[in-house]
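Letters A, B, C and D mark the chains as written, and numbering starts fresh at 1 in each.
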Amino acid sequence: MSAQLIVLGALLCFASALVSLVVPRRTQVLTAVIQVSGGIIGLAGCIAGFRGAGAALRLPWQVPMGVAAVRVDALSAFFAAPVFLLGVLGAVYAERYWPSSKPRAAYVRCFFGIATGALSLVLVAANTLFFVALWEIVALACFFLVGTDTADADARGAAWLYLAASHIATLTLFGLVTLLHSATGTWSFVPLSRAVASSDTGSALFWLAIVAFGIKAGMMPFHVWLPAAHAAAPTHVSAVMSGVVIKMGIYGLVRVLSLYPAVPDWMGGTVLTLGIISSILGVAFALAQHDLKRLLAYHSIENIGIILAGLGVGYIARGHGLVMIAMLGFAGGLLHVWNHGLFKALLFFGAGSAIHATHTREIDRMGGLARRMPMVAAGFLTGAVAISGLPPLNGFVSEWLIYVAGFKAVVGPMRGGWAWLLLLAVVPALALTGALALACFVKAFGAVFLGNPRTREAAEAGQAPASMRLAMVPLVLACVAIGVVPVALAPLLSRIVAIASGVSMSLVTTLAPLQRIAAPMAFVLAITVSALVIRLRRAPRTVTWDCGYARPTARMQYSSSSTARTLVAFFAWVMPPSVHAPGQLPLFPAEAALSTHMPDTVLDRGLLPALRRLQRIAGIAHYIQSGRVQLYLVYLGVTLLALLVWSLR
Amino acid sequence: MIVYAIIVPLVAALAAFVVPNERARPWIVAAAALAHTALTAIILVTPVTGEPLSPWLRLDALGRLILAILSVLFLICAIYCIGYLRLRAERPNKIFCTVLLIFLAMTTTLVLAQHLTLMWVAMEATTLATALLLYFNENRRSLEATWKYLMIGSVGIALALLGTLFLAYSARLGLGQPTLLFPELVERAGRLSTPWLRTAFVFLLVGYGTKMGLAPLHNWKPDAYGEAPGVVGALLAGGLTSCAFLALLRIYRIVDAAGQGPFARQLFVALGLFSMATAAVFMIGQRDFKRLLAYSSVEHMGILVLGIGLGGAGIFGALLHTVNNALTKGVLFLAAANIHRAFKSKRLEDVTGAIRRLPLSGSFFLAGFLAITGSPPFGPFISELSILTAAMDGKRYVVAALYLFFLAVIFIGMGNTVLAVVQGVPPEDAEGHAFRESVFKTLPIAASLVLVLIMGTWIPSGVTKLLADATRLLGGKP
Amino acid sequence: MHAADTILIVLLLANFFILGTANLRASIRVVAMQGVLLAILPLFVETKATPRLMLVVGATAAIKGALIPGLLLKAIRDVHIRHEVEPYLGFIPSLFLCAIGTGFALLFADQLPLAPADHGSLFVPAAFATVLAGFLVSTTRRKAISQVTGYLMLENGVYVFGLLLYESMAVEVGVLLDLLVGIFVMGIVLNHIQREFSSLDTERLSRLRD
Amino acid sequence: MTAILNLAIVLAAAPLLIGVINKTKALMAGRVGPPLVQTYYDLAKLFRKGTVLSSTTTWVFLAGPAVSFVVALFAALLLPLAGTAPLAFPGDMILFVYVFALARFFTTAAAMDTGSAFEGMGAARELTFASLAEPALFFGFLALARVSHSLELSSVLAVSGTAWRSSTAALVLIVASWFIVLLAENSRVPFDDPNTHLELTMIHEVMVLDHSGPPFGLVLYASAMKLFVFAALVAHVIVPRFAHPLTNVAATLGAVFAIGVLVGLVESVMARLRLVRVPQLLITASLVSAFAVVLVLR
């Protein structure tokens, strides 16, 4: 049943894509309707899939080797649910954010439908070739979405970078599935034999998986495509990409590693290391951004890091037979997949409304929007609190699970091995990440929504359109719900962890105390704040005192860059900023400007220069094609002689 | 029955030569192509009859496959020609149309030929025919391209002839009399004289490899494809190369039957990888999108021989890829031709924003790019993947790694140029040109794109059967 | 010393002459001479005169000996170009290379097993050597005409080898016709090249490059 | 029951702690100083006063004080003031840290809400230093958890005499680094000077410049309670656990006020550090407690 529903939902998404191409502007709303209904049906399927194990189905696809086999287990359903949810909300959001009156509306809707549909099928594909095919289709659809504004060179560049990166990922995936086939003899995800898993093939499979899925998930140092793409795409697309598309990588990694009878320490250690690096550097880079969407993009890297950290803890602990710790790690990591999907989408929706109103992505050109769009501000604030991992919202629950796993590892008996020692680094790493994330989001929320508007656009911003506000409501509710009643998810979590790792135990007793505390806490906080606000609603108002500044201007405000400056300076060793400062000022300084920009170390200082050098080297080879026919004939003769000599061997 | 597939085009060629009316000739070509396709269809559906019309002309499983590709591609191109020659009304098309039809006849002969020398004669004839097609534009650049093509092609073909004679000599040593009929050679291959056979194979590989455009024998390709009309490019890259590949396959059969298969496959793998590498190097930073397509053709010829060289599933993959490559090249070259005509240039300096200027052709070009680089849901995705499978199953990990690496580099190199062409905003003066996307200039492209799509989503069982038979013939398992 | 071998030795000497001479016309005449030699060669291989033999001899003599060289000489006359060969590679080095090539040909021929009839005969090495010489000519000379000449020598080499397989030589006629058409097309193109560039210097023909 | 007790203790004793500190400083400076209960007077006065709000601000501005007040009380419930904590469960120490993070989020946001340069600056500093202090706190918890083989504050903080004997060095290091964290988190000297009048040097005080009346009262009360809670945290590590709850309370209070005196002493003998030095001190604190972890692990 679940399989049928999920497939039906996906097909409806595809259908909306088709419809968007044929119906006229006036009735474009139809596409949204289809998309939404498909999403709801799909969600129903996922909910059915949470308990129904292994519902299978076959779609028509007549190619050699490839079978469009669909199989739904709890893990697939778990990953597919956010896809459908964000598909629905994205469509609702886009209804006003990218109305059919806007140019290329049909284009956006078409590829949005394809992306969501294919994405949901990727997660339930049981045949590896089918998996790869859908995987690449998602990538292509996202490429077209990122490059929606082809007139804008930046968008084009971002889209191309994304396409190149994800195609490399796909080719790596080609290697993965073919190697898997040669190892197992089938085109489906079947467990590896112990012999294979421990052989070089096993390690090769692991590294291929790390690269392929790492690029997709945007883990450091494979994240190069991510910030630009998230920044350039239409906001609801960014929400989907950051919320669910990059989770494909996590899903793939979990799926492939679930095939190993035993995951050796070094694999878990690699995952954990990458997780820690991604989380800390991700948030560090985020702090340095002044483009709202790039900031959110780097936070995606951070959260992917947290997820990987959880998984890494799980794999290592399982390897040492510590069931409880493994359970906590896996559960934390996987739950964070949902949480990040929810609050990141929420944040992107909020950011989108702000950008929609101010026509800029520069944080320091906004400000004071909370007074003009209070609901959006409230939504963004919820997201900000949640992503900072603060109680009583959902972010805290997943991070807490990973924390507890880390603590238990320290408390428990000591084991040997560098991978084990890595476990001890989890807690401090999370602590640092959490604190920095908090700083970053206070900065973002404060600079965008609080204080005085810094530009005229910001000052004249109006309330966001209804559909854009509506799309945020379910996300806010979900963030609160998971934070307040985490126990409700305990059975699902133990089921998916069992699928992912074979470890299985209940989390009810672990999560119960959190639930006992969270609800009252949330209630008391809400009461106190609202009581104070209501009591002082008539309080006399005047200009900010600020130690007696008579006429503070908006430009006096502490900007987002200045807020983060000290913290960013700590990371200068890994992310040197490029500063364009006026040199020695003359005695009577004229107008001077200071601008700082944070290049992505891996991309701008590593990859691009390398590629340019490669191109130069390739250019050298061009003299081979010199245009002289005699020379070409010489090649012919030389080849002939060489092959003759070969044939004489 | 089969022989009509040769006669009809020849008659049509004669007609095209005598008919004075410039407007009518393209229609004759189209009609002949239609007839040819119809004939092919009938031949393919009718079960194989035991008795061939002559020992020299017979249609075996390989031939059926290639004939199908050839006929469909030619039909597509012929229909496109109607629109194209209407656009180029200023140029006399008498020679062009006539030679097109002779080309069809000769390639068909080549596909049917069961005798090495007959095959060689047909190949030489196509060379000469192509030379005249290349020269359609009659300007200095096309002249230069033609000359190079002629020289390199002729030398190559001469070497192929020498190889043919070597084969005959080895037959004479082994079998007593120098037969050159494929069936005999294959069935009595065991007794051929090995040294002569190996030498013969090398000469034939170089000779027909030149026609096929394997690096480092490919140097005529960029010039020829760059200067020829797009439709000729499509016919060369999709049709002629496939025929040359067929020739190599027929020879490979003999060599394999003689127990020299490993040696031949070694050479195939080496040349295949080298071709991919060369293509990769020259695609990076390529400023001319028609030359880009030429190098893409070099790459895919490399992939074809690589597939054969890997054996096993690779043979099936290679044959499947022959189909996909031909159809996709049709899309790419014809779309490129439209863009070229609309912008009056094929350099990146002048061509950008093709999708805005030519919504259909631009999109087709982009789709073709995605298809040829092996993106689903298009056909090449399947074939390229199955060739990789062959490498992995054969534990040829280094080959597999290189294959993937070259594919990645080529994707980036090609994408840089293609996206620069289709995306962005077209220069103002581009609007001025009279070029419009008529039915004849877009429908054929759409058709072949649809075929590529079908090859990736729902391969007809008939095609699968054709492929399976051909694979069995080559000793691979379908 | 078989009579055929004498002819083949003359053939080889002709190769050297063509590589050595600076005169375009002379080289073409020598190629024509090679053609005639090849035409009469079968008479020494085959004892009894069948009509087919006569046909082959006649056709070869006509095409290789008269028609094609005639075409080329006419082309030179039409486009009245300077009659030097203008080599990329000097005459001495190319002669040297040709000598090495002939040596290599002899060695390589010994590597391969021969039918008893052909033992000791120069056919195989001569064929290889002529092919190589033709190759040299077409790669080391500037003028397009020289390249055609080289191509002709190459074909002559192939033809020499073909004589070993006299039994299956019915096809040779077809081959000859192909050759004829080929040269004809080349002639046309040469003509156009002359018109477009008012020269047959291939330097002008190297604009298409990467 | 214990819940009410904890709340009562914190609410009642926190302002007194401030009084103790100020008194100590005064005596050290040879002044009489304000009475010990001065803070109660201030709070009472503030709660009676009216409020003036900046026209720039939104509800977030008021959420700052409210949240920090609630959070301080909530944190008190996690402490085993009377032997066992009212809210005790495995992993509650993580919650303990994160509720204060929540408070930090809203106080700093409130500061930015006024759109004033000074308060933004204060917020920025608060965020920066806190993110450096947090690892130190966690390293401490790690070490203690290792020592006590438990994840519950109540038992983690009940450091037995045997534990003191077995791993003295580690515990001393923890206490030391936590004391530094206490000073930083509550923005005392040498990190911040509560009664300076040069805004540029301030952290906490500058963030609340625009608060007045009851909200400002809440701010003061909350910060007092936060100081108390942190002091109690350190105190628990030092003082042994007694059988009877009230003895525990008494011991804890004693230790807390002792710490208050200590803070006072520090403030009267030390000057504020230059801001650039502050991170170095905090990182030192983290390293110290990290070293403690290493000690207990081997």
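General remarks:
Definition applied: contacts are C-beta pairs under 8 Å (C-beta built on N, C-alpha and C of every residue); 3 or more make two chains touch, one makes a residue touch a chain.
On a predicted model such as this, the values are computed, not experimentally measured, just so you know.
Each chain gets a centre from the mean of its Cα atoms; the one farthest from the centre of subunit B is D.
No other two chains have as many C-beta pairs in contact as A-D.
Mean C-alpha positions place subunit C and subunit D at a centre distance of 101 Å.
Averaged Cα coordinates give subunit B a centre that lies 31 Å from the centre of subunit C.
We define each chain's centre as the mean of its Cα atoms; on that basis subunit A and subunit D are separated by 36 Å. For the pair subunit A and subunit C, the distance between C-alpha centroids works out to 69 Å. Among the residues of subunit C, those in touch with two or more other chains are 111, 135, 138, 147, 205-208, 210. In subunit B, 147-148, 151, 155, 199, 222, 282 are the positions where the chain touches two or more neighbouring chains simultaneously.
Counting partners per residue, subunit D has no residue that reaches two or more other chains. Applying the touch definition to every pair of chains gives A-B, A-C, A-D, B-C.
Across the interface of their complex, subunit B is touched by residues 60-66, 129, 132-134, 136-137, 140, 147, 150-151, 153, 156, 160, 163-164, 167-168, 170-172, 174-175, 178-179, 181-182, 204, 614-615, 618-619, 621-622, 624-625, 629, 631-633, 635-636, 638-640, 643-644, 646-647 of subunit A.
Put simply, subunit B touches subunit A in their complex at residues 147-148, 151-152, 155-156, 159, 198-199, 201-203, 205-206, 210, 216-217, 219-220, 222, 263, 266-267, 281-282, 284-285, 316, 320, 353, 355-356, 370, 373, 375-377, 381-382, 384-386, 388-389, 391-393, 395, 397, 400-401, 404, 407-408, 411-412, 415-416, 419, 423-425, 456-459, 461, 464, 478. Contact residues on subunit A toward subunit C in their complex (touch as defined above): 622, 625-631, 633-634, 637, 644, 648.
On the subunit B side of its complex with subunit C, the touching residues are 117-118, 120-121, 124-125, 127-128, 131-132, 135, 138, 140-141, 143-148, 150-151, 154-155, 158, 161-162, 165-166, 168-169, 172-173, 177-180, 193, 195-196, 199, 222-223, 226-227, 282, 286, 291. In the complex of the two chains, the subunit C residues touching subunit B come out as 111-115, 127, 131, 135, 138, 144, 147, 151, 154-155, 157-158, 161-162, 164-165, 167-168, 171, 174-175, 178, 181-182, 185-186, 189, 192-193, 196-197, 205-208, 210.
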